[in-house]
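Labels run A, B, C and D following the written order; every chain starts at residue 1.
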Amino acid sequence: MKRLIQGLHEFQTTYFNTHRELFELLSQGQHPKFLFITCSDSRIDPNLITQTEPGEMFIIRNAGNIIPPYGATNGGEGAAVEYAVHALGIEEIIVCGHSHCGAMKGLLKIEKLEDEMPAVYQWLKHAEATRRIMKEHYQGYEGEDLLNASIQENVLTQLENLRTYPVVQSRLKAGKMHLHAWVYEIETGEVLEYNALQGQFLPPNTQFGRIAWLSKEQQERIYKGSYSKNS
Amino acid sequence: MKRLIQGLHEFQTTYFNTHRELFELLSQGQHPKFLFITCSDSRIDPNLITQTEPGEMFIIRNAGNIIPPYGATNGGEGAAVEYAVHALGIEEIIVCGHSHCGAMKGLLKIEKLEDEMPAVYQWLKHAEATRRIMKEHYQGYEGEDLLNASIQENVLTQLENLRTYPVVQSRLKAGKMHLHAWVYEIETGEVLEYNALQGQFLPPNTQFGRIAWLSKEQQERIYKGSYSKNS
Amino acid sequence: MKRLIQGLHEFQTTYFNTHRELFELLSQGQHPKFLFITCSDSRIDPNLITQTEPGEMFIIRNAGNIIPPYGATNGGEGAAVEYAVHALGIEEIIVCGHSHCGAMKGLLKIEKLEDEMPAVYQWLKHAEATRRIMKEHYQGYEGEDLLNASIQENVLTQLENLRTYPVVQSRLKAGKMHLHAWVYEIETGEVLEYNALQGQFLPPNTQFGRIAWLSKEQQERIYKGSYSKNS
Amino acid sequence: MKRLIQGLHEFQTTYFNTHRELFELLSQGQHPKFLFITCSDSRIDPNLITQTEPGEMFIIRNAGNIIPPYGATNGGEGAAVEYAVHALGIEEIIVCGHSHCGAMKGLLKIEKLEDEMPAVYQWLKHAEATRRIMKEHYQGYEGEDLLNASIQENVLTQLENLRTYPVVQSRLKAGKMHLHAWVYEIETGEVLEYNALQGQFLPPNTQFGRIAWLSKEQQERIYKGSYSKNS
């Protein structure tokens, strides 16, 4: 624990010291623009990879960046989504998976988890759609390729689940809510975003360029739609 | 979203560029020493306030840094705790609350939430012990004082809940697990840790000093509470 | 049933006849000092082994003297604990396991129960912490030794679970609640109590002797474990 | 606690001392003939009022002697019923309510419990059939009369619930299971049993006499039937 206690002191004498005004302001309330949902994995630091400061992102973290469909659990995920959207008025939600995800590795051999880690086993059932997609659409895949595909598919699965939340659905209908599917690659530091037009995960800037070709209505229609490759 | 996309690029050209070896290493596996459980609140950046790097802390974040008693929910909290302890072998768990916590504000007027935010309402029932303690032990308290006390009490409540997890209990019994109760104050950047000897939240370094009066065995015994066989 | 009907008559002409005043008094209200939680096993008679009279102990009995963590079930255990503590003001809670416990035998071979006794199988999941502790800390144990250790460990597990109940936590905080772990041995008629200082189950009188070395405050602090403010 | 510790010693030097053979025998296994389900109320001592010895009755005790319908909860009641019938082969089940029952008092003013005792409030929902019967069939009743009627009705409600358990249903079909509804009156020490023929609670011996008038088939039909007054 010494490591952490020293870190707390270092934080105070460095970052906090040079950002006193920011923290003073933040103590009066939070107004984050983003809900960032990612894995508990220690290798991800959401504020670091987006270079955001305290106050900018409301963050949910669990094993596998899973958001169960509305009503499927009574855990913390639903409450945090509801609070983010209803109480804080957030309109941009990012689900961010990552390479080498232990939860997805677990999902691909879920039968081995029941005895050793019963709670993980139960929890991964909320990624059952991902597991089924892998089984029925990726027969030829193995090893890293299979894992990487499952990481991408899982992020899309969780976006579908997010769409089942009443507060999200209502905002989507109003055109005031945008859902983003990201995958962060630990070894390259790169993030890919799902591009509904291309049906692929691509570097985010590329996407901005391409979408500019389309009319606003076309973009909307494509963007709000479901996340199948044929859209 | 432009803000975030630009951040991703900035991260790559700055931090990632100067830490390539770290990320190369991390891509081969994570070995975090700490499980850090905190609120989804945007104003907390766990890695920033502890000055830790990617790979050091496995992180669970939800509204109110709540860990329901084992079996009380089927949400992500139990799975993440189990994975952290069983699969990653983590032996230090920190539950970190924070000043101005919206979830605790909600808890203190929970009857108003049922209609507006039903998922938040249900979720806060897992902090019912906190609510009851506030009602029965803090009758004279109001406003900020009441809120601050509830933030501290809630962190202690969640430690009790954590102790019901089989993987946690088994490690506690082996004397290989330590639970820490922290509260982070946004306006001062300070963290206070619960000191079981003093029965108070104190700056963590003070605590090291005071505990030095006792032998290691005595400290352990008192800190680990009553029910471990090795105490 | 004849056996029981005759017993009812015998009770009236003997015990009831000589204790009319007690029952007259009891008909006006109950003021038990103890909540006694034990197994449904026919071989245990809580009032007999403690030589207490009607009116002294509020009693919960189920298979395995299990109290699931708060919120983990919607069965009768939580309601009875709440009623005992809140409505009756009870401050002493005893969880009493016993030798040759069928529920613990079941726990040690739980995989065989799922088909034959599904409700028992589900119920024993609330003793999962006990099962995990047995698996991880008692590898060398077999037969009677394994069973006896699991009976002791299970009583301690249930005390941890009890601590998650809001009414219990609130009283613990006030220093007005004491939790006791007992094991009753059918063949010797002896009860052993968990001694937190020694980390062992010992005859209760021995314990009083030993604890006498410490001041009242010290005993309290150690016994109540780490998280009460008054410790 | 001194009171209890002294009781343990007294038990050893008196009862246990004169019943060594019984306890030696019991340590080899239990073979109870009866499952006795009663309230946690401190004023009831099942073995005392039936003058039975250790080993004769398997006992479930909770607030209000409630056995929720099969599948309605995941608490200990179902597991204990299943164990009693399937593992121990018990064929006689007694549900025993009692005068001045606090749980039934609570049921009659359930709306006042939600805030103060939420677990009791939830639990009493499993006696909702009793509450509805009181509301719809006992409009003229008040005070003691209303309470006494609800105590009787509740015992019958719980017998209906018991009949929903697969192990119970299967034995009932085989004609090998008998369910008994008792009410114990604290002030008189008397037990009344529900007499299906008369549709009334009567002293148990009376019942034996009356049933002798009927043919075996008639008795069976009436006995196995539901517990409405018109049967």
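Everything below uses one rule, namely that a residue touches a chain if its C-beta (ideal position, glycine included) is under 8 Å from a C-beta of that chain, and two chains touch if they have at least 3 such contacts.
Just so it is clear, the structure is predicted and the values come from calculations on it, not from any experiment.
Asks: Give me the set of chains touching subunit B intersected with the set touching subunit D.
Replies: C
Asks: For subunit A and subunit B, what's the span in angstrom between their mean Cα positions?
Replies: The separation of the two C-alpha centroids amounts to 21 Å.
Asks: Approximately how many whole Å separate the CA-defined centres of subunit A and subunit D?
Replies: 53
Asks: Report the inter-centroid distance (CA atoms only) between subunit A and subunit C in whole Å.
Replies: Here subunit A and subunit C have centroids separated by 45 Å.
Asks: What are the residue numbers in subunit D that touch two or more other chains?
Replies: 118
Asks: By the document's touch definition, which label belongs to this structure's chain graph: line, ring, star, complete, or other?
Replies: line
Asks: Give the pairs of chains that touch; include all such pairs.
Replies: Pairs flagged as touching, ordered by label: A-B, B-C, C-D.
Asks: If we count contacts the way the header does, which residues on subunit A are in touch with subunit B in the complex?
Replies: 1, 3-12, 14-16, 23-24, 26-27, 29-30, 32-34, 40-45, 47-52, 54-64, 66, 68, 73-84, 86-87, 92, 94, 99-100, 102-103, 116-120, 122-124, 178, 180, 186-191, 204-205, 208
Asks: For the complex, give me every residue of subunit B touching subunit C.
Replies: Subunit B reaches subunit C through residues 68-73, 125-126, 128-129, 131-133, 136-137, 156-157, 159-161, 163-167, 169-170, 173-174, 181, 194, 196-197, 199-200, 221-231.
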